[in-house]
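Same chain, two partners: chain A is paired with chain B first, then with chain C.
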Partner chain A sequence: MASLTALTPAQDLTPITIGGVTLSEEVPEAIAALMPYAGQTKALSAALKEAHGLALPGPNRMTKSDSHRATWSGLDQAFLIGPPPASELATHSAVVDQSDAWVVLTLEGKGVEDVLARLTPIDLRGGSFKRGHAARSLLGHMNAVFARDAVDRITIMVFRSMAQTAVHELEEAMKGVAARASAN
Partner chain B sequence: MRIDGKGLIDRSRPVSFRFDGRSYGGFEGDTLASALLANGVRLMGRSFKYHRPRGVLTAGSEEPNALMEIGKGAGKTPNVRATVQEVFEGLEARSQNRIGPLNRDLLAVNDLFSPFLSAGFYYKTFMWPRKFWEGLYEPIIRRAAGLGALSGKPDPGRYEKAFAFCDILVIGGGPTGLMAALTAARGGAEVILAEDSAAFGGRLLSETEEVDGKPGAVWVGEMLDALAETGKVRLMPRTTITGAYDGGTYGALERVGLHRPATPDLPLECLWRIQAKQAVLAAGALERPIAFPMNDRPGIMMASAVRSYLNRYGVAPGQKITLFATNDDAHQTALDLIGAGVEVAAVVDSRAEATAQGDYQLFAGGQVITTKGRHALTNVTIRHSGAETQIDTDCLAMSGGWNPTVHLTCHMGARPVWDEALKAFLPAASAIPGLTPAGACAGTYDTASCLTAGIEAAKSALKALELKAPDIAPPSASDQTGTSQTLWYVEGKGRAWLDFANDVTTKDVKLSAQEGYRSVEHMKRYTTQGMAPDQGKNSNISALALLADATGRGIPETGTTTYRPPYVPISISAMAAGAQGKGFQPERFTTSHSASTARGAPMIEAGLWYRPSYFPAQGETTWREACDREVTMVREAVGICDVSTLGKIDIQGPDASAFLDFVYTNMFSTLKPGRVRYGLMLREDGHVMDDGTTARLSDSHYVMTTTTAAAGQVMTHLEFVSQALRPDLDVRFISVTEQWAQFAVAGPRSRELLNSILDTPIDDETWPFMSCGPISVHGIPGRLFRISFSGEHAYEIAVPARYGDALYRDLVARAETMGGGAYGMEALNVLRIEKGFITHSEIHGRVTAFDIGMERMISAKKDCIGKTAAARPGLVEPERELLVGLKPIGTVKQLTAGAHLFAPEAAPTRENDEGYVTSVGFSPTFGTYLGLGFLVNGRARHGETVKHVDHLRGVETLCEVCDPVFFDPEGGRTRG
Partner chain C sequence: MQIRCPLCGLRDVREFTIKGHAIALSRPAPDAGDEAWNAYLHLRENPAGVTTELWHHTAGCGAWLKVTRNTITHEILKVALVRDGVERTDAD
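After this line comes the complex of A and B, so read on.
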């Protein structure tokens, strides 16, 4: 039997390091959209805790366990990122495989906020967008999910088909910010 | 002329630059204007209309005269203010709006005709003959009256857009702004301090006055240290706040790389959107010129500008300077000049009671009534005590008082309020929510009061943020403002300029009033006063004061024109930052993109997606050859086409069926799991919104397919229906368009091909037409749908996108061994036209289900969105334009999309229009063009002849009207 080779969404496009900031692609084992049915939010959160050790994140938040993280991604919706989700979750929630739908990029280093300030209208100041915060907004013209999982690291999820544009836009922003730093 | 020991420029860092091809020297910290003045260059430009020689008027961003072209080649930028442009090594500047050298501009002939060129001249003169305007008059006028020229090439510079956030935005880095920023930061707020100029300090850098017992510049340096110490202040020099908008949003333009030699990747400018919870406006005030006769010669400038050049840049703008003032404040100019050893010829003060503040000749109660000097001022004539006196002088410093910079306070509709005592317009109360004007822009002129005002404004902003105000005392400073008199204009022989930038004189404003343009808005448009790049910063108030006099009204009754953003000119490049080239919009690539381009397929845009147009084979020279081959290949063997761009929406939940019944016209609750159904969706207004197939994977799980074009629209629609119309339905959905790579496998040999890759083979019994289900391909779980957009026995196979590239290559390679291969959008289009399948060319937003012959798809058994509206009388009558097929029957065989349909004998005019053509394609299957279109009462007219006329392309074709389904109307081939 022939086999099919898998390609990542940003295959060969990253990592890119400019100035003190590095852009790289993260390839999670699975991404599952969890959308609790009416009145099932708490039950889903409990099931999630039971199965994977983390709660369902509230609006604009992310939660984390050793194996998984869950990022709020919209009204009644969160992305569970990590190994494939336990089947029990489907009792309380629509569970939809999104593993191949997104490119997951991480931007890491001092000044990630300055790079993203060129592309997203979110207030990313330390006091406003803290570790564990998430947001759905724009990256340039692209629909994106942002989450800060460390002080100097922000994860950006963009539609898979736009991976090339996303990397290009981020790279251009990184260049501009680095050029400012070395010009001063 | 440079004065030793004066100025804040860095004399240890000399730079050389070029102006009009000649090399000059300056120092770091110089503007182009100060460096040119230091080199004795006073003629810096030509005026807009009369091409009068002009020099620099101001030392700030309000400059109307000294506009220049900076840079060379594609990167050249016109209309740059020499007072804003900083000099750097290698700077290249050119004067503009001239023919020939600047001092012998051929267009200066316009000035001789100035009596004929008054306001309204063009409107009155170039009316006839009418067609001469575009071809003759306008080009000549545009050549003669104008500004700098663009290179005509794309700007190679890099520009940026960015967002910034703060608690308190302080606009202006003068004494008021510095105190406000320090108070705000010490109170715990995160502060952005934006300053128009390269250095913080505002007027303090241009004056000799002391603050806290120290020279102004020294105090400013200490303040900057104190601000840094708070760790709360983001300093943004070279950043002009350009507009105030809703919700505490401010626009700002930052000059990032314009003041230094080109640096790779460094943006030239950045257009900021700053979100501030509170703001302090400390924008200062602009000194007002006096409109006296012949007041526009190089060497005549603002008194405050003379002090700036002297104290900030260490330059004497003349060797023998005269002052014409209406206020005590301006006398400081004479004192500073004398202190620096520059000769002051005289001080002319319009106030009879004025007294000299130092050792200079004062003409109290005097006025300047004319001037001389062709390329630069040589002489002024003053009227004093009933006599006229001539004074030889090479620089005249003028001051008519100060206009508070209220611009930003007017950006949300407020009008400034006239203050009779100050003779100035002041900001209206609460003009911009959350913004507090303070200091000179609010009519507080003395330094001591400005420092206090800055503290108070910051405290009120802190209070609004519920932060505690710190205890800060204002430093000691002068509290003197002296007295002043208003003198808007001086009567006399000769032209007196109001608006230097647009060449508008007092005579023009009077003429406007005389001709009935008495409203200030009409005067502005009649004379063009205030419409130049400086937007009337130097002329608005004087012009409306003159208009008030000319129309016998007061200033407050006359009012101001509307102050609009931006406060300073913004380059188009900065506004378009990030949108050049590929930044214009994202590119969406399918997983088969590189395989398609590797086969030489030209890609076409479908929304943001890129899809292959056709796949040229060896020896094929036109797209039609490739398209014909691909169509035949699908009809006779098997073709592969990436259809991943179609919208796919995963829909789940106990009420998923009810939800689909509500959004689709037809029933989905009756669809069995493992089956697919074609569905039609209407808008609320009863017109068709989209169509597509929806598969039922299980009792409570569906996958909806939308068209590529309407994927986003349908998703938005579903969200609206779920959240707003039917929140009672427990249903959840999410786009899975990007999750699956999906390929059409179409043609009589499609199943044979699939069975070579599926882990479990399929047959007609297990996979009949319109069935769906999970499959395994090369060990990878996927989905298979037996649906057809070509009319052939066909499938769509879906795998997780990571395998898309591999599966596509495998499918195409296998198809090629079977006499098939890849097909593109052109072939796809021909195949669906042959079958009469619609796309958004047909369901373009103005058609109903009735129009496309699908009214029976609106189920009578249930309600759905658009059902009631679709039943309205006008939407279901035969006289509507209905979907038909078209086949050419005359000698001309060509059909074109966009052509209109007429009766064969009727004249092809609008009145006789009976319909239009939406899609056409050459069908290799039938050997003829086929078309789809809409024709009045078309369904009843099959067999009739109509005339297809494309006025644009000049095509006229006789057609037979027929059923839209040309190929296999019974559908036998699809069912296999």
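After this line comes the complex of A and C, so read on.
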């Protein structure tokens, strides 16, 4: 068989730096959707703590350990991002490999909120979307997962097939914000 | 219009998809008879006032919501997760 070259979802599209804000791609080792079985949420959280050192995040939150982070991604669902999940988790939840389904983009720098304010209907400013917060909403017309894992950094996940559109939309918004700042 | 999702909080209507009247939650028994099934499938009220509808939080948490709203004032009176009846009024 021919030797094939693995491409990342946003291969050659990032990093982009405009006006102090940098958009880059993160390529996690694995992304797993954890969907606890009925009544198993607490047990899953305990198993997660035991295996990877972090709790299952509640709605609109993310949790972190040295090796992994977990981002709430919907009703009874969280994404575990990092090395592949321990098999014990499957006792308490459905574990579905999502590694190749998403592009993970990181928007970093002062003013990331101004960039995202042009694309998403929710308030992602520091006052209401703090470190450790997560949300499902829209990036333009794309369903997205947002998480703030540091003060000036927000990660954005959209479906892999939309990577190019997401990068394009974000780049245009970054240009707009930078142009507005230099016009003042 | 904005809907307060019990999980996600107050969100713009563009994140939601409407299914229609919440009658879909009251499915008749299989042997309920032609009249009940005809009403369930085809007959709908068109109220000027308070009604209950099913909305899907498509671009959010993916939950089905039972929304009580007033078609005259556009006021949203109550939003509940269909799954477990968690309810929250707009004043919360």
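Rule of thumb we're sticking to: the second predicted complex is superposed on the first by the 181 of 184 C-alpha atoms of A that agree within 3 Å, B and C clash if a C-alpha of one lies under 4 Å from a C-alpha of the other, contacts with A are read in each partner's own complex, and residues count from 1 in each chain.
Assume a residue touches a chain if its C-beta (ideal position, glycine included) is under 8 Å from a C-beta of that chain, and two chains touch if they have at least 3 such contacts.
The shown structure was predicted, so the numbers you read here are calculated from the model rather than taken from an experiment.
J.: A:P59 in the overlay: touching chain B, chain C, both, or neither? Say first, second, both or neither.
T.: The answer is second: A:P59 touches chain C but not chain B.
J.: Figure out whether A:P121 sits in contact with chain B (first) or chain C (second), or with both, or with neither.
T.: Both partners.
J.: Quick one: name whichever of chain B and chain C touches more residues of chain A.
T.: Comparing chain B with chain C, the partner touching more chain A residues is B.
J.: Does chain B (first) or chain C (second) touch A:T91, or do both, or does neither?
T.: neither
J.: For A:L138, select first, second, both or neither according to whether it touches chain B, chain C, the two together, or no partner.
T.: A:L138 sits against chain C, while chain B stays out of touch.
J.: Touch check for A:S67: first (chain B), second (chain C), both, or neither?
T.: So A:S67 meets neither chain B nor chain C here.
J.: With the touch criterion stated at the top, can you tell me which chain A residues are shared between the chain B interface and the chain C interface?
T.: Shared contact residues on chain A: 75, 77, 121-122.
J.: Applying the document's contact rule, which stretches of chain A touch chain B when the two form their complex?
T.: 1-9, 33, 35-38, 75-77, 93-94, 96-102, 117-118, 120-123, 125, 127-128, 140-142, 159-166, 168-169, 172, 175-176, 178-180, 183
J.: Sort out for me which residues of chain B touch chain A in the complex.
T.: 158, 160-165, 190, 256-257, 260, 263-267, 273, 275, 578, 582-583, 585-591, 608-609, 650, 652-654, 723, 730, 732-740, 757, 759, 777-780, 799-807, 810
J.: Please output the residues of chain C touching chain A within their complex, sorted ascending.
T.: 7-9, 11-12, 14-15, 58-63, 81, 83
J.: Which of the residues in chain A end up touching chain C in this complex?
T.: 59-60, 74-75, 77, 121-122, 135-138, 143
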